[in-house]
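Inspection log for the structure reproduced underneath, given as C-alpha cells.
Naming follows writing order (A, B, C and D), and every chain is counted from residue 1.
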Amino acid sequence: MTLSAGFLGYRFMGQAHANALARLPMFFPDAPDVERDVLVGRDEDALAEAVDQFGFERYATDWTEVVDEVDVFYNLGPNNLHPEPSIAALEAGTHVFCEKPLAHTLDAAERMADAAAQSDATAGVAFNYRFIPAVQYAKRLIDDGAIGDVHHVRAEYLQDWLVDPTAPWSWRNSAEVAGSGALGDLGAHSIDLAQFLLGEEVDRVSGHLKTFVDERPVPGETGDALDAAGDASTETRPVTVDDAYTAQAEFESGAMGLFEASRFATGHKNGNTIEINGSDGSIRFDLERLNELAVLTGDDRGFQTVLVTDPDDPYVDHWWPPGHVVGWEHTFVHENYEFLTAAASGDPHSPDFAAGLTVQRVLDAIEKSSDSGEWVTA
Amino acid sequence: MTLSAGFLGYRFMGQAHANALARLPMFFPDAPDVERDVLVGRDEDALAEAVDQFGFERYATDWTEVVDEVDVFYNLGPNNLHPEPSIAALEAGTHVFCEKPLAHTLDAAERMADAAAQSDATAGVAFNYRFIPAVQYAKRLIDDGAIGDVHHVRAEYLQDWLVDPTAPWSWRNSAEVAGSGALGDLGAHSIDLAQFLLGEEVDRVSGHLKTFVDERPVPGETGDALDAAGDASTETRPVTVDDAYTAQAEFESGAMGLFEASRFATGHKNGNTIEINGSDGSIRFDLERLNELAVLTGDDRGFQTVLVTDPDDPYVDHWWPPGHVVGWEHTFVHENYEFLTAAASGDPHSPDFAAGLTVQRVLDAIEKSSDSGEWVTA
Amino acid sequence: MTLSAGFLGYRFMGQAHANALARLPMFFPDAPDVERDVLVGRDEDALAEAVDQFGFERYATDWTEVVDEVDVFYNLGPNNLHPEPSIAALEAGTHVFCEKPLAHTLDAAERMADAAAQSDATAGVAFNYRFIPAVQYAKRLIDDGAIGDVHHVRAEYLQDWLVDPTAPWSWRNSAEVAGSGALGDLGAHSIDLAQFLLGEEVDRVSGHLKTFVDERPVPGETGDALDAAGDASTETRPVTVDDAYTAQAEFESGAMGLFEASRFATGHKNGNTIEINGSDGSIRFDLERLNELAVLTGDDRGFQTVLVTDPDDPYVDHWWPPGHVVGWEHTFVHENYEFLTAAASGDPHSPDFAAGLTVQRVLDAIEKSSDSGEWVTA
Amino acid sequence: MTLSAGFLGYRFMGQAHANALARLPMFFPDAPDVERDVLVGRDEDALAEAVDQFGFERYATDWTEVVDEVDVFYNLGPNNLHPEPSIAALEAGTHVFCEKPLAHTLDAAERMADAAAQSDATAGVAFNYRFIPAVQYAKRLIDDGAIGDVHHVRAEYLQDWLVDPTAPWSWRNSAEVAGSGALGDLGAHSIDLAQFLLGEEVDRVSGHLKTFVDERPVPGETGDALDAAGDASTETRPVTVDDAYTAQAEFESGAMGLFEASRFATGHKNGNTIEINGSDGSIRFDLERLNELAVLTGDDRGFQTVLVTDPDDPYVDHWWPPGHVVGWEHTFVHENYEFLTAAASGDPHSPDFAAGLTVQRVLDAIEKSSDSGEWVTA
C-alpha cells in the first residue's frame, strides 16, 4: 500500500517532513510507502519551486480541495491554520499529522481533539523531540524505575533570536496567528517532554508571561515572506505574544516542575534542556547535544555522559555505528516512521491529538495564571 | 589595633570562620589583627576541644556575658538564635557578623535591621558567595554594562542529602528553629546573589514550597549533636519546613527571575548555579566549579569558560599564580577581610543587615505566596 | 548533465555515500544530477537487496566491467582493493572517489597518485571530516590568522570496540587487507585533518605501534560478512595490524604534533579530537560533538564553545536554522557535493589523491619509525 | 615532640608550604607539631618581611649553617640548589622535603638518592598532586582493579605564560639552573602521576624537546627578583631549556604512554590532565577542576563526573561537607601531613628520593632521546 501525502506548508517544517519521507525507504525499509503528492500554499511561484525541490507531484492553493484527495494530510501551517483543515481532513477520513502546538487556542484544540476522537483516521501531533534516541532511552530508564519516584522536573527552552529589538516582526509575534509566543512555540515542547517522560500530566500551574519588545519593524516583503528577515522598515507592528514565559507546576503525583522559555536568552540558540530528579536517580538532556544523555542511577557517584548511539539504543540500529552521531532532522524521520506505520496499520499513534490537547491545557492555564496571578488547574 | 572575636557556634560555620581568621595574616597582611578570644556554646567538653583546635583563648556558655566583652561578635548559631544575641551585641556597640539567613522570621529580621541602623557598630550578614573571585568578576562585568540590560535570571541551589527518607532529623528540619528549609538555607544565597549581581531588588514573587518527607528519625544523641547523623531510631520528629521550593520573580527593572532549591535533587551535592541573560551578553556560574565563570559578551559566538585566577581578578593577587585554583573556604577569608576592615575603619560593610533584610523579605514573600497561591510583593 | 555512479562496496560506506547522493537534490539543488547506477560486490543476494534499498539500478560482481561504464566510480572496498580498480577507472577516464586511507601500502598509494596525475578525470579521497561545518570554520579562522603561528597540534582518535579480546576478527585486523590498523583507519583522519587545518605537511615523525591482542576468533559466517560480529568460534586468526599507535611529529614550520589512535580506549566510541595552539589563539574540535568548535582568539580569556550552526557558517545555509544540529552523515553530503561539482566542472577537487598520498607517507613513516625506533622523514 | 622547620626559599613555594604548616593544627590535629623556625635566602629585607608574614622565627643567609640546626629542612630553591643542601642535611640526620624535580641533572639526582638511602632521616620529594583527593581516589580504584589492565596513559601539562616572546627571562629558562624547561617543571608532575597511578615505571621513551623563543629580555631588577616580571629591557639572555616537550613511552607492563607539556599552549593556565584507559574502565583527571574525577567502570555507558568531596573520600573528612570544594593549596597540606607524620614516626614516606630519581631518569631519557632521535631506556 502506498500512502499519498499532502502538505499544508512548504517552508521550514515542509522541508523537514519532506526530507523525512525521502529518507524512510533507505533507513526504515519496513515503513509504508509514501507518495509525496501535493503541496498547499498561496505563492504559486514558491510552490512550484518547492514541489520540484522536495520531490512532490503538484501543488494546490486551496486546502479544502486537498484534504480528502490524499491519504495523509500534514498540517504544517501557522498555528491558527491548524484547526479547520485538520478537522476537515479527519471528517473526510484522512490521516492528519499536525505540527505543534496543536492549535492557537484551547477551544480550537478541543475541537480538533473531538474531531480526532470521532474519526477512524489517525491523528498525530508532531512533538518530534519525543523521538530522539536519547529521549527514548531516558523514557526506558524512567519506565523501568531506574530513577525511582520523581521529585523534580526542570525544563528550559532558550533561544536568543529576538533579543535584537530591530529583528523583524513575523507571524510568530502575533497572538491572532500564533496564539502565544515562546510559550506555545517552545514551551509546548518542554511540557510535552515532561509529561511524556513522567507518564503523567501537569495538574496545576503558576505562570508568568512577558513581552520585552512591544513592536517590531515589518519586513519589506509581504505575505508568506513575512517570517523571513527583510529590510529595515519604518513601519512596525505590535508584538501581541510573550517573548518569554516561566511557570511553576505541580504534577498529579506531586512532583514539582519548573518551566521556562525565551527568545531573549542571549547566547542560547536552541537550548531545549530537561532534567528530572527522582528518588533513585536523575537524567538530564540538552537538545544542542542531542546524542547525549546525562544519567545517574544506582550507585553512581556522578552523572554519566552517555552517548546514545549503540545498536540497541532506540532507532540507532537503523543508522550508523556507535559514536556516529545523528542530527536534529532525524527526529522527523523517526516520528514519521511511527506515525505512518500507525496510520497504515490502524494502530493508535502517540502523541495523538488528545496528547496535544493536554499540552494545550497547560499552555492555556499558564496564560490564564499569568493574567490572574493565581495558580490554575490545567 | 587588635579586635577580639567571640563566636556563638563552633561547628561547621565556627570552623569556617576560625580558619578564615587564622589565614588572614599570611594572605591579607593589611587586615586588622584579630584575637580569637571566646567560643560560646552549651557542651563544655566540645567547647574545650574546639577552643584548642580553633585557636581560641577560652569558652563561655552564656552569650549574654560575652556580647559586650568582645569587639566582634560572630553569630553562627541556628537561625532562631540570630536575633537576640545580635541585637544585644549591637546595643552594646559590638560589631556583629551574622550567618545567613538573617533570621528565622521576617519580624526578627526587621528587629535586627533596626538594631543595626541604630548602632554605631558594624553589622554584616555572611553571604559568603558574593566574595568568590568569579562572582566578583561577574559583578564587575555587569556593572560595566558588558551584558546590557538584564532580561533573565535563573538561580538553582541543588543538593540531595535528604533524598533518603531515613536521613536523620536535625534542627534544619524545624520551622521553629530554622524558619524555613531549603528556602532559607539555600534560597537565601540564590536571592542574595541575584540581587547583588543585578544591583536591584526582587519586586514580587510567586512561590511554591514542598515537603516530600513529613517526619524523620531522631538521631541517637541529643542536644547539639542532633544535626550529626546518628543511629537509626524508632522515634521520629515532624519535618516542619520545606524540602524544596521554586519561585518565579519579577525584579524592579522588569527582569524575570526563576529560583529553585532542593535537598532532594539526586546527583547534586552543592549545585549553586546562577545564569543571567542581558541584552548584550550573559554570565553563568556554578559553585561546584567556583574558579570558573562562563561569559558571553560583545561579538562572542559562545560562552567563554573563563578561569578567574589571573592576578588582576578580584582577590587573586593575594593567593597563587594563574590556574592554581582556590576552594570554598576562601570565600570566608575574603568576606572576613572585608567585614573586619570595615569594622576597624568604621566604613560601611556590604552586605549589611539591611541587605539581609531585603533577602528575608523575599523569603517571606515566597512562603506567603506558597500559602496563598498568589503573587506577593517582597 | 547527469553523472552515473558505480560503487564498489555496499555496506557501511556504501550506505553513507548512497544516502549522500540521495539527499543532494533537496539540499544542494545546484549539485550535478547523479544516477545511482551500479553496486559492485560478490554476494549477489546481498547486492540485490542493497540495490533495492539504496536506490541503485543494478549490481555487478566484477569491477573490471564497471569502471569504464560509469561516470564516477566510488571505491568503498577494503584498503587493498583501492589501488587496482581506482587506477583502472582513472585510466578509463572515469572520475574516482576513494575511501581513506588511499591505499594499504605506500607503494600502492604512489601508483594511485601517479594514475590520477596522468588522468583527466577527477580523483578524490574521502576525508569526510574536512567537510564538517565546525572544521571548515576552524580552517577559516586559521587561514585568517586568528590563532597566529601554530606551535602545537594534538590529535587523538579513540575508540574501544576491540578492547574485548573475544571481539571477532575482521579484515580490519589483517595487514594484508587493511595495511595497518588504528593507524590507517583512524590515524589517517587525524593526520589529514592536521595537515588540512595547518595548510602544511608533517615533515618527520617518531611512531609507536602496538597490538594488544594477537589473535581473535573467526566469526561463524564467511566471506563479506567477516566484518560483522558472528558467533563465538574456536577458530582464531592472527591480528597482524596495530590496535593502537602514537606518534610525535614535526611539521614543516616547526610546529610540534602529537598523534594517537586506539581501538582499546575504553569509554570512547568515536573520539576524534584535535586541538591546535597558536601564538594568538587556539581551536579544539571533538567529533562526538561535531556541531561545536572551541575557539580562543584575540582577547578571549577562555575557550568559547561555539555552536557552528549559523547561516553564514560553512554549508549551514543548506540545512536548518541556528541550533538545529547536523549529524555525522552530513559530512558525506558535503564531500559528495564538492567532489561531484568538481568532477562535473573539471575543476580540481581537494583532497585529491596527492593529498591522500601525503597522508600515506606519514602513515608509512610512522610504521617505519615504530620498527626502527628512529625518527623518519615523511 | 615539636619539629623545627627551616625553608630554603621563601617565595611561591615558601608560601605554599608555610601555609600548609600553619593549617595543619586546625585540620589535622594528629599531625606532629611544627615550629616554623628559619627562612634561608639572600635578600635580607625580603627575608625579614617573609619571616613576619609566614610566621617564622628568624632568617639566615647561609644554608650550610641551617641544615643541621633544624629537624626538617625544606629545599624550595631553584633546581640546581636541590643537591648540595639536601645532601648536607641528610648527612646531618635532618629530614629533607625537596621540591620537584628532584634535581637539575640525573647525576645530581642519583647523588641525592644515595644520600637519602644512607641516612636515617626521612627524605621526601614534593610531588604534591599525588595528594589530591580525586587522585588518591583514582589510585584506590586502579589498585582495586576497577579499570583492569592498563593499555593507555596520556598526560598533558599545558600552560601559556611564555607564548608572548617579550615575557621576561627567568631562572626557569636556564639549563644551568633549572636543568630543563617545561619538561622538568611540568613533565615531572605528569610522569610521577602516571607512575604513581599505574604502580609501575616507564621502561623506555622517545622524546622531543623544542624551544620556540631563543632569547628573552632580562627584567629590570636583578638577583632573586629575576623571576618576577620586570620592565622591558634591551638586554636579553638566551633560553637554554625547552619551551615544550612531547614523549611517547612504554611502561614495564607494555602500557603505552603519551606525554606533553608546554608553556606555549595558548588558552591553558594550569592544564595538568591525565587519562588512563584500562581493559575494564578508564579514569580522567584535570587539575583545573581538581575536585572532580571522570570515572568509567563496570557497566557504565559513559564517564561519571564524580565530585570527590564525600566524607569517605581521601582526606575529605578533614575538611568540609560534600560539594564544598578544596583548592590547589590543599595538596600541600596533605603532603606535609604525610611527610611530617612519616618523619616524626620514622616510617617511610612516599614519594621518597628514590621515587624522585625514577622520574629524573625518565626526564633524562626524554632529553637524551630528543638529542639522539632514538628510543632510550629510562
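For this structure, a couple of remarks:
We take it that contacts are C-beta pairs under 8 Å (C-beta built on N, C-alpha and C of every residue); 3 or more make two chains touch, one makes a residue touch a chain.
Note that the structure is predicted; figures quoted are calculated from it, not measured.
Judged by contacting C-beta pairs, the busier of the interfaces B-D and A-D is B-D.
For the pair subunit C and subunit D, the distance between mean C-alpha positions equals 41 Å. Centre-to-centre spacing of subunit B and subunit D amounts to 36 Å, using the average Cα coordinate of each chain. Inter-chain spacing, taken between the CA centroids of subunit A and subunit D, is 55 Å. Multi-chain contact residues of subunit A (touching two or more other chains) are listed as 268, 296, 300, 302-303, 307.
Contacts between chains leave no pair untouched here, as each chain touches all the others.
The part of subunit B that touches subunit D in the complex is made up of residues 12, 15-16, 18-19, 22-23, 25-27, 29, 53-55, 159, 161, 268-271, 287-291, 307, 309, 319-330. In the complex of the two chains, the subunit D residues touching subunit A come out as 292, 295-296, 300-307, 310.
Listed in rising order, the residues of subunit C touching subunit D in the complex are 147, 151-152, 154, 156, 158, 160, 163, 206-208, 210, 212, 244, 246-248, 250, 254, 256, 258, 260, 262, 264-268, 277-282, 296, 300, 302-303, 373-375.
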